[in-house]
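Shared between the two complexes below is subunit A, which has subunit B as its partner in the first and subunit C in the second.
For the complex of A and B:
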């Protein structure tokens, strides 16, 4: 295929990089948020597990509001208690995803920062490729850890877990590594990225 | 308009080499109607040098060949690029020396009267000198040779023999017939052999050839006056012709007197007797001379370092090509001298072209730094070793050479050849820069450490000889008291200790040169004193011969007393010269010349053009790359590459470092795109991006 673009060396692509970061990391955070906010009430309402008191004590909702679940007399109170439990559970899930997201973002940014001003580009590109693989392993581990913790804290106590449960609770942990990989491969520093290269230039 | 450059002799070829880099920098240009610089499209160069193996000629040819390979890749690709717009066609006039008389003796072998004349005009060694190694600074031999060569050109053309000069003349003729203007510039030295004899001979021949086209045939010459010294020859001058620096000024003076003759430079457009439309004279005062590293009379060993003046000669050539000499611009017909307005060497010295030279020549140096320090090892690994890991990862490979994986062996070899050409061209350029900086005139640069120590050694030795002589005289006749002064043993010991310290610093050879200099100085003083004594004797004799009654007796007494004083001084001078001679003999016996110097002169001088450290680092890196893998110091290579990367913004001297760092340059390189397909297009795309990334925006 003939190449037709003119020679116009671009030393940076800051705007595209910023957009890429906003898009990838934004989606990784937005989709779990939307899932918990909009999908959860329709598909998983009332299925939240009972959290241990140590966790509920950390959450903003009053512990007394969930007491109705154990009394179980007043339907309105029961309704309210279930709603509060759902809310608390969603907060726990959101906090776990957000924590994994933040840790992954910091990790990915630290990786990128290492190669903004490399010394000897070719060698730096090879090192960046190697360290990118290690950093993806790390980010994957962080997300796996967060997902495991969430499973142990609550998901394992949900009876009759279905596809929606797994999708909604673990989806965020899958999206974060994907966002990290995309940002690394598409928004790497200009000195190690280029057309057709392992680290593509947007 | 067509442009010709005729490089005559070793110096002419050194100027040709600097013109190669001027072409790469687009420094040869005309000014268009809109005031924009338009690089001249083609420069036809002809090398005229009887010494086919001359190192300077070979270097100029090789540099031009590499340049043409790179330029033709650009020409075959639509990629826009900075520099490399002037096609350089270089031919060497093969004078068919094997079929010609090799010397004056040969030339006159069968002609008795000519032989007698030759015996009258030339010494035995001169007449026996073979032309194949040049004329060894003897233009009288060269004039004879060129007269024969040029007179026989018509016969060669009639016989249909291939001859580069005839081809060039025919091309000029065709262009003139087609109504084009032809500009021819001759360049060479007028203090050597080939240049001094070839320039006037060829110029006169060309002017006669195209005497009917004076309105469109423009002829000029760059004449190099003495600007360097050669080391003393170690040959027997009775058996072999030696080149001596001391003869340069006289030769130049004689040549200038010849050029100063009426009718040499045309007075106006209608002057049919004049030869040149413009003459450019370049030279240096004696105190600004540098001595070449090796003594050579010709052949491969004649590879003198490049000099700033050759760069300026290229600038004169550029000025000639863009100056009009006809019509309203006929006033430009003149003799031009290069005016240097400062006491150092900086970009500002290039006057109105300072920005162009800074950006273009500086850009080439920065391109070399990035290419050699960063790209070359990677590109070599990707092409030669087919390192796929690198080829998938490194941005400046993937951006331009993505298709190489589909290339066959031939295409890969073609790409490799192009990269070799770029590598060699940049290597030539860096070597040239290094030499220019190393040989900067002493008056235009700060004193080097070794020069400072050499001067101190001279002063210390001078004082030491005086001290020794005074001590000896005191020991011989303490009663005389040396005018009441007692020589200090402490001073002597101090001077001797300092001398012993300095000799290993500057080296034994420098010490021997100091001894020789001291001897020469002392000898000249002694001769002057001898002359003064003779004059004093004459004066006293005259006084004694006069009538006693008319003469003041005190005057005679005073003159005799003065003579006594002069005699004492003369004896002291003799003692001192004897001491110096004894020291020289001792130094030779002890092989002092073998003492190595801790300081070296082999470094570029301080200047305001380029960072000497960066240029030296590139040169050393080239040396390492050129070494075989067993003798290559990998640690040194890494250190040099890192130094070039870190010092990239300071490669070119300026008040503040360049805003483009090596990181930004590589980022730019990775951000470019290739245009077209095939090895030439890939290579052109990469090289164009390399130049674009390192050069400033407002250049060229």
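For the complex of A and C:
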């Protein structure tokens, strides 16, 4: 009897899962970063709102460079201060997105970990679908909470907000739940996933 | 058994592990939810702190580029008012006393062929310096008072008269013709003047006296002075030699050494002396107005020239902050005058004489007549004021000046305005005024009390003292028309002139710098480079680049006028809102003051009805010269004038004299050309253009529909 090559679907699946996670969560983090880094200076230049001192004090560039400016301040110093303010604002936006991203990732991994070794796969799959919906609701809530906080902290102070504002500032909070959903649906544990199941197996 | 035992345990294990996991997970979720709730509750207040305060929000709510990032070029105030260069120091405490030594001053008839005697044995008809026994003219007292007024200052006396020093003479003795100090040295009579010298003038015989033309005694005094007291000690000998030569030439009748009247008849002793003033000293110049000839004429190109204005301007008297004190004295006079202004008489005028009892031919009284003498005091305002105050005190305390003089019984008459005037006893009197360059302060943005206001705008003063007017746009973002007003508290007038605001013609509003929005481009790297390449300033806002560059005001600001209101100088600027562009304007209000913009306060004794000034027309000169020529022609052989004409041509008469009407006597009792001289001094004083307003301010026009975006970091 001819010997067939030993295939380890388990190993193959793990790689795909890892790639799926990296791709989804990486994109969810990379796109907001690129938006703030490359699009912001050309689409939203000069729109950074003033942040409260409690926030700026936590930021690396806050100390020393952000003395109170008023009318009549030297324009060069003002220019510098405004650059710092832009930088700070982008850091705050990035931090909010990153926090939401991290919380969502942890939440999603916790959900996944729960169904890595289910005893009764069919029942576990049913429970996983329910818990997945609740998890997505939670992840959505986390992102909504972060977006709301960001809105209250700064976005609400920006005048003439337009599509680019919402896209750059809230896009990250939309991408994270999408990434969580994709990872949950495509990279679920083998025990609860299948080729034609609710949780597709890569 | 073992399998049976194991199954339940296996079942228990298979079912128990998920149950435990599920329980743990539920507990973890519960704890997480509980923690989140607790965190949310406890962080509510903390989160509130993270919100920006409302006070700062207004500064952030603007739209459009942040124009606060723009900066006009640094403003350099390069218009500091230049202080007139007034020479100070010990040298200035000295006084130059210039004494008019023209023949009219000394009552000397310069016409040698004259029929009338000059003086008698007992008396001296020496003009202002007459003498009869112990009686002398007031002029000698006035000269003493000039010395008293000088106080402790060293008084150098200079004699100026109708003698001249031709350039050829000076050059031949190696003297610099252009050096005024040489001229002054050669005219110096005494470097340490004492009052006794004035008595000496009076005591002299008429011949070779201080006032005689080419007097050897008084012309050449250089060698008698200490060399150190002169301005050119090393030139004493050549100067003395030149003066000896001058005396000899005058005695020989060389007309080159006697002042010629000039093309327009303007040359006279005063005009010559003024050109050689030492403006570092206080100069006191006595002037017989009858010796002043033409005051204005034309130059080589036919352009009108005011000679005395030209001289003072050339000397820079008023530019150096000096002033001219103009004094007029009514003195007593007894003597002859062979010239009067531009008139040269064949027979001298006789003005004042000793009145004798006709029967006994004995002295009855001294028929001195009133004549006026001018004096110019040139120096700094403070020095002139102090000198005049001291002179006033000296004159007031001089008892010799308090009596009345003149014919007591109406013995002497003359004709004026077609009527006979019988001279009555008269007293000494004097007037003075100071003509100084009108000093108006330059009103700038730094002037105390300067205030800038504008409709619908806020005004802030920047660190460099320049006010920034931030205009506020209307609700629709448009800039309305408005008015900017700059007020300065007016300073007190000085210099005898008041500023006529209605005549201000040099008022202007200049645009010094601007930084205005010129174009808007998409916010791309290429456009950022393009704007930088064009030397413009770019402001990025969202996806647009706003390019700012220096531009024209475009008629946005129009100076409506400068007026005087309630003691304030008010500059009103109209702002046309439609012509404004977003950005910054640096504007300068400027107004200059020239002589035309000053109204000189009238001086009654110069300008008013009580003026002691008199003018002489060419017609009058012709009439007088014709009449005196007729006297010479018809009465020279008779060895004496008709009695009617023996003094001042006598009383008015209708009878013709050899078919000539007897004219009015020349107004020797008035100050000839006084008003013309004063006018030229005033004109010279107000020649310089002085800055009146130099106020710089900046205007900020926000981007439409925006507020000023100033970060509050």
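The rule is simple: the second predicted complex is superposed on the first by the 181 of 202 C-alpha atoms of A that agree within 3 Å, B and C clash if a C-alpha of one lies under 4 Å from a C-alpha of the other, contacts with A are read in each partner's own complex, and residues count from 1 in each chain.
In this text, a contact is a pair of C-beta atoms (placed from the backbone, for glycine too) under 8 Å apart; a residue touches a chain by one contact, two chains touch by 3 or more.
Fair warning: this is a prediction, and the values are worked out from it, not measured in the lab.
A:119 in the overlay: touching subunit B, subunit C, both, or neither? Say first, second, both or neither.
Both subunit B and subunit C are touched by A:119.
Going by the contact rule set out at the top, does A:201 touch subunit B (first), subunit C (second), both, or neither?
So A:201 only meets subunit B here.
I'd like to know which partner A:129 touches here: subunit B for first, subunit C for second, both or neither.
first
Quick one: is A:13 in contact with subunit B, with subunit C, with both, or with neither? Answer first, second, both or neither.
The answer is first: A:13 touches subunit B but not subunit C.
A:46 in the overlay: touching subunit B, subunit C, both, or neither? Say first, second, both or neither.
second
Per the contact definition in the header, classify A:76: touching subunit B only (first), subunit C only (second), both, or neither.
After superposing on A, A:76 lies in contact with subunit C but is clear of subunit B.
Let me test your reading of the model: by the given contact rule, A:161 touches which partner, first (subunit B), second (subunit C), both or neither?
Neither subunit B nor subunit C is touched by A:161.
Mind working out whether A:185 is in touch with subunit B, subunit C, both or neither, as first, second, both or neither?
neither
By residue count, which of the two partners contacts subunit A more extensively, subunit B or subunit C?
C
Could you list which residues of subunit A make contact with subunit B in one structure and with subunit C in the other?
Subunit A residues touching both partners: 118-120.
Of all residues in subunit A, which touch subunit B in the complex?
2-13, 116-122, 125-126, 129, 189-199, 201
Which residues, counting only subunit B, touch subunit A once they are in their complex?
Listed in rising order, the residues of subunit B that touch subunit A are 79-81, 374-375, 377-378, 389-390, 392-399, 402, 641-642, 645-646, 660-677, 681, 685, 688-689, 692-693.
Give every residue of subunit C touching subunit A within the complex, in rising order.
Counting only subunit C, the residues touching subunit A are 14-15, 17-18, 21-22, 25, 28, 47, 49-53, 56-57, 59-63, 65-66, 68-71, 460, 462-463, 468, 523-525, 539-543, 708, 710-713.
Please give the residue numbers of subunit A that touch subunit C in the complex, ascending.
Counting only subunit A, the residues touching subunit C are 41-47, 49-52, 54-56, 66-76, 78-79, 81-82, 84-85, 110, 114, 118-120, 124, 149, 152-154, 157, 159-160, 162, 164.
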